[in-house]
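In order of appearance the chains are A, B, C, D, E and F, and numbering begins at 1 in each one.
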Amino acid sequence: MSERTAYVNGEFLPESRASVSIYDRGFLSGLGVFERTRTFGGEIFQLDRHIARLYRSLKAVRLDAGLTAEEMHETTVELVKQNKGLLGADEDYFVGHYVTRGPDKAGRATVVILCEPIGFDKFAHHYICGGHVITTHIRAIPTQVWDPKIKSTSRMHLWLAEQQAQLVDPEAYALLLTLDGNVTELTAANFWIVRNGTLVTAPVQTILSGVTRGAVLEIAQHLDIPVEETNFQLYDIMNADEAFMTTTSRCVLPLTRINGNAIGEGKPGPMVGRLQKGWTEVFGQDFVVQALKHIDKDKVPEGEAVPL
Amino acid sequence: MSERTAYVNGEFLPESRASVSIYDRGFLSGLGVFERTRTFGGEIFQLDRHIARLYRSLKAVRLDAGLTAEEMHETTVELVKQNKGLLGADEDYFVGHYVTRGPDKAGRATVVILCEPIGFDKFAHHYICGGHVITTHIRAIPTQVWDPKIKSTSRMHLWLAEQQAQLVDPEAYALLLTLDGNVTELTAANFWIVRNGTLVTAPVQTILSGVTRGAVLEIAQHLDIPVEETNFQLYDIMNADEAFMTTTSRCVLPLTRINGNAIGEGKPGPMVGRLQKGWTEVFGQDFVVQALKHIDKDKVPEGEAVPL
Amino acid sequence: MSERTAYVNGEFLPESRASVSIYDRGFLSGLGVFERTRTFGGEIFQLDRHIARLYRSLKAVRLDAGLTAEEMHETTVELVKQNKGLLGADEDYFVGHYVTRGPDKAGRATVVILCEPIGFDKFAHHYICGGHVITTHIRAIPTQVWDPKIKSTSRMHLWLAEQQAQLVDPEAYALLLTLDGNVTELTAANFWIVRNGTLVTAPVQTILSGVTRGAVLEIAQHLDIPVEETNFQLYDIMNADEAFMTTTSRCVLPLTRINGNAIGEGKPGPMVGRLQKGWTEVFGQDFVVQALKHIDKDKVPEGEAVPL
Amino acid sequence: MSERTAYVNGEFLPESRASVSIYDRGFLSGLGVFERTRTFGGEIFQLDRHIARLYRSLKAVRLDAGLTAEEMHETTVELVKQNKGLLGADEDYFVGHYVTRGPDKAGRATVVILCEPIGFDKFAHHYICGGHVITTHIRAIPTQVWDPKIKSTSRMHLWLAEQQAQLVDPEAYALLLTLDGNVTELTAANFWIVRNGTLVTAPVQTILSGVTRGAVLEIAQHLDIPVEETNFQLYDIMNADEAFMTTTSRCVLPLTRINGNAIGEGKPGPMVGRLQKGWTEVFGQDFVVQALKHIDKDKVPEGEAVPL
Amino acid sequence: MSERTAYVNGEFLPESRASVSIYDRGFLSGLGVFERTRTFGGEIFQLDRHIARLYRSLKAVRLDAGLTAEEMHETTVELVKQNKGLLGADEDYFVGHYVTRGPDKAGRATVVILCEPIGFDKFAHHYICGGHVITTHIRAIPTQVWDPKIKSTSRMHLWLAEQQAQLVDPEAYALLLTLDGNVTELTAANFWIVRNGTLVTAPVQTILSGVTRGAVLEIAQHLDIPVEETNFQLYDIMNADEAFMTTTSRCVLPLTRINGNAIGEGKPGPMVGRLQKGWTEVFGQDFVVQALKHIDKDKVPEGEAVPL
Amino acid sequence: MSERTAYVNGEFLPESRASVSIYDRGFLSGLGVFERTRTFGGEIFQLDRHIARLYRSLKAVRLDAGLTAEEMHETTVELVKQNKGLLGADEDYFVGHYVTRGPDKAGRATVVILCEPIGFDKFAHHYICGGHVITTHIRAIPTQVWDPKIKSTSRMHLWLAEQQAQLVDPEAYALLLTLDGNVTELTAANFWIVRNGTLVTAPVQTILSGVTRGAVLEIAQHLDIPVEETNFQLYDIMNADEAFMTTTSRCVLPLTRINGNAIGEGKPGPMVGRLQKGWTEVFGQDFVVQALKHIDKDKVPEGEAVPL
């Protein structure tokens, strides 16, 4: 076998044939919900939590996947098993679940599960120099329109925010503020600052509560690091000691600039280091080492040493 | 030929094979814009205006379709030509244009054009008894998130509003209010009231300015009917003389109930009749006669006569 | 004595003669504040807390009742004493306090205290099948207009919300959201969800902090059940394990549907059961048993057993 | 006959016996709508317009008065006829219509019509020195809660605004701003400024469109005075040439101070004079002359001459 | 004389000695209002309008300048006379009026009038290639805080917006949106788009209504160009045919990019050309020719010809 | 030496010569940040905390003071040393730090440090009778415009709020509400209420977190007084047991009236007394005794005894 398979509505198909009808309401109207899990060494990480959240999203939009959570779990395991052999050295997968309303004529949801290699080269250098965060005029979706806790496939505003942020820096991460100006999250990651030894992150009311965010809460408890889940603003980022993002693929990735200014010392700080080490202790993977094996050296700023 | 064709990225394909990759960002993330035009007697109606609006949406989301507006026009004409023969008596097509970001690997947009028979039986009876409008807690997308003038394929909130409205009446049309409580539009149609002989509809700042809305503005000018494009509220609907919707498929369709209450006399009124006649005068089609040929008689309230 | 008496401005009058001038500013302009307490077995429950809250409302609207809190208390006790004999078996009273600005010419407040039999038949079946909660486009009064903590007799929006909710289900309870989309309260009750064994209810900033809500906080402490007073949204209700309301008459009443969807299992859950039992332990009344004696059997869904 | 009569639910009663049950939901919950018309020389002014607006309010809150508009009109005429003889020299009536939900047990609305002598002495001196307008922190009811076009008896916020304004000046008129800071109306009157010869007043979307406001629009047309119905702000009042209010009892009354500052010259200006004269031309009454006959001379600032 | 003079509180001083106390509340707290007028060929342009607006600002903040408008006018003329000789060839002045609360101990306002040479080299090249407009997360001051029509010296947000915009392009002009997402103005200029031959600019409710904006309204009337003063959004800029700014120093300057995208053809368009010519016709100055004499050739994009 | 000196851009100058250029952008545009520290017995109180906050403000507006925090500290100490001898008996200084953008031509910030005698006579009587708090229509700056945690010299809205509050009472303190109606702070002080033995104050998200506020948090911890940092509203002030302000000059000053109503008993309460005593215990100064030595006896209400 030389091609990855994907699960589409009951079938395991080679990706080149894995498609959905042009009449799928996921395609036509963004009517769907999704999850993105990852593997470590080919093993799926916290799949249960991702599937539980998928079913919360489904319930909130009144969509019936046609599979139970257990069936979704088993199908996922089977798909990863089929594709595991295609992973190169130090590679891993995003495992994506997409459930859409399907074509109106079908009268049932479309379910897609896919394995997509994580593009470590896109961000590995950020473990060394940190990422750049930009706020734009585009605001987070307010709960009066739909709840940001629904992981919806209608993501137009996130793309618009990325486009706008990348006018400043093509590698920037866009940070979304609420209509009221509070910090929420990056376009596909939770955002944290470190302030006087405390981790600070937005409360679950206005964000998608990430599974990786939950993992870091566990690590913080393990390491006895205090955490505040509270509203905060741009001022707090400008004056933070450190900042970082948590997301499925990057786990804990340092962010060292905000709107062109250095955060703290302007380089990855000790708290991020502690959390990265804590991750290895608690979950047994060293995601930084893995990512650095894929580093794109052209993206490392001059003068920065690559530790591996 | 016994199957309709669709245009997908340069090819005319039978619909059963017309599909998009599961990696298409239109499917995964709702990153796309679209239009829905209709035919009358198999001839496309005001295609230029729809294509112009499509290109305004594209510009606003910085997406390059890979085709010029002229090419899009020619391709559309060709597709309709291919499918025209499959139209039954008194049938017509929706002609849908969908342009999405495509799969990330493709590095170019996905362009789909499709011909979908209009389901007249779903709404033909509303020309006789009028439709029912329901307001819900779901609000229109505010411009701080993305501009409602972009005809985006990210439409989660519209679906949520429809679900909520249909708790009251399975045939209800959901009306979206702004965060400030002003009337905007139905989930896929512009909304109008008639007040003391004047047509009143929301201003273009907070709505998708419909092509059919434009057609009615032309008819109003032709018939010397005054029009106000202004913010109005639920109170004004409760106290309106008549109400109606304008949309590609239904053209001008009367709305006779708002949140369970009769609007005006609770039946299609004289102004709607004038506009429907005016349509025939100005554009040469009698859309009501056509739709009634497909009427689902089970949906006509008892005691109502079907004029045909 | 065969007719209940009410207290009106210093006099105890038979209810058929208990009236206020048409010039009363409570009648003309909704300028008043109120409380509704209940009796258990003819004994007034937590009267002090209701009167304390009444005087907080009076202070916030700068209205002088003309009676001290102590006099208000004594008068209430006397009124209930006068009416107690008219209670039927297993019946109890709402004890209502209404203080309005009075007629402008009077130059002093109108004070009314009344005993109204609780209509258990209207809701007793909800202890068995649970109530249905509906959110509508009508929003809670924001503090910029007047503070929702004032228990004002200006209640137009609550009536409008009930009318709208009852389009879906004539027995529905309307749930009010803030302008920002946060859950506040039902039209005359506090609203709670149960999430992973924790009771969750809106914070006192945006709601009228109910006396019964306080009673449940006491019970939760007694039973060691964790409580979060925090903002939450519709998503959280859709995904809650259970939900219930607290209000003077119903005490703790299960809510099993939200906008047409089942909450949790769609039937009264174990946490509601614990709280109802806890109420009996802490306060000595079994309000469910009492209410079920008045049940309207026509309202019990088929197949549900009535435990008494 | 020495006592005025009022109409209450089908009966004409002496006012001392005109009352409503303490169970009336108008009294308990502010669930009602109303109108206030006035007489000139004992003749009712523009009763049709007031009754039409009353029925629009009724429709918006889904309340059935139990009387047709025609019956309401006739009953009003009869009541005024009964009371006309009790008017003193140069006196006139407010004619109030109040329709509430009534007591729940009654199952029908309460209808009250009353004749209340206009207290000219409270405001007559303002025709000479002008009134004082104060803005406070209390905001107008937003349409998301209920529409300000409904003339509701739930008026708590208006009272709170008056109390706050009268901390500055016991005779002040409170001006309500929207949540967004736009000028709406006084607590029972429309508000206007004069700017470069143009009358400016808030648009009907955010205010109760007054019948007297309509009368002034007529006069302006008669006198060829340009009018702008547009949003404006406090800045515009601070820099206006003149300001005035329109309301049933006062018709056109000059306002000469805003938040302690003079408006224009700080005294009634020429445009107000033109409108007052225009009123006499168009409607045949000289309301200023009438009011000044009742002037409370203690309220006239020293040095101001009373013209009569 | 080799040094410019400035007017400070009654004295004409050489600029090197023109200073204000560190206790001036203008310096300590931004408590002041201002105007910036310009000269053409050393003659002051529309000074009366600037001084009238200055006095409107003063009135709105209740500040007494201690000089009448006439005295302010005469003093200004005198100052310009003193400084006119120091103008180089083709140079002109900004004439700034600043009135602050002064030091608390002084008990009277500080009045400063100054002549500052216009830095044509900073923007002259924009007449050739057009300026770049950027929207940021910083919003315009809302009228609930203070009215944007007050030309206040408290300008922190405008500076923050400029800093943020200049992350994208060091020469960018920052465009402020309202809290609701409507376009207002640039940090020191009004903003316009051209749409189908019509000039569109924000309504005076949410902006400082510029004197130059007024001049362009006059020109448009002279040239019979239609104008809409209406709310519009970013979508409208993305899809505009042209855009430009109006401001004291630059008069009418083309804007050719919005958030990195070309506006229209991406170069100064014909409408801007008409308005610039119209300016010369109506007001007799050719401001483009003047500015181009100072052009910084390093700032002209390669391949662009400089017309002079 | 008979005149105080101030530090201005590197020099210590007599105050009569301490000035800034009229071109300073602090003066022209309010582009600066500041701090106000005080001395006790001529010793600077918590200078480090004030300087740390100054540098957080500087960072948030991207302004480089040109001095390190250490240099700022030393310079301040030197300035106070120079001026200490000029303090009269029982007098003390405000020590103000002002850093502005400076004149554009200078290309560097202006730094001013000044010593201003505290005007104890302005407020000493409030320790006896308490101050009066007024809410107005002017709202606090929202974070979308700039963050209220930046201690900016752009303070126009604070002045407007004071002017409006002082229409009610010339000695009133203006209390700012957020756009949402939550209590924030006074124009130059934090605001607290006492409720059932707990101190309640606004959370740091919407206010400038005062250094004196921090001092009171320390005292509360020392005295074991519970504290809630939470949003609260006007209702809570109307019903509070006590209220007080904390600010550099007044430390802990009782507030006894809100919008004309007594707070609690309407006189300084026991909690304020405890905190004032606690201050002496923790920090060693008796600020009340000091202030009363400067009392303006004409401001003490009749019948109130002055304890010293």
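FYI, a residue touches a chain if its C-beta (ideal position, glycine included) is under 8 Å from a C-beta of that chain, and two chains touch if they have at least 3 such contacts.
Note that the structure is predicted; figures quoted are calculated from it, not measured.
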item	value
Labels of chains that are neighbours to chain C and to chain D	B, F
Winner on C-beta contact pairs when A-E is weighed against B-E	B-E
Between chain A and chain F, centroid-to-centroid distance (C-alpha), Å	44
Mean-CA-position distance for chain F and chain E (Å)	35
Inter-centroid spacing, chain D versus chain A (mean Cα positions, whole Å)	59
Shared-contact residues (touching 2 or more other chains) in chain E	62, 137, 142, 144, 150, 177, 179-181, 234
Touching chain combinations (by label order)	A-B, A-C, A-E, A-F, B-C, B-D, B-E, C-D, C-F, D-E, D-F, E-F
Chain F residues within the chain E interface of the complex	6, 8, 15, 18-24, 26-31, 34, 61-62, 96, 98, 100-101, 112, 114, 116, 137-142, 144-146, 150, 152-160, 163, 179
Complex interface listing, chain A residues touching chain F	177, 180-182, 230-236, 238-239, 261
Chain D residues within the chain F interface of the complex	134-137, 164, 167-168, 177, 179, 181, 234, 259-260
Parts of chain F lying in touch with chain A, wherever the complex brings them together	56, 59-60, 62, 142-144, 147, 149-150, 180, 205
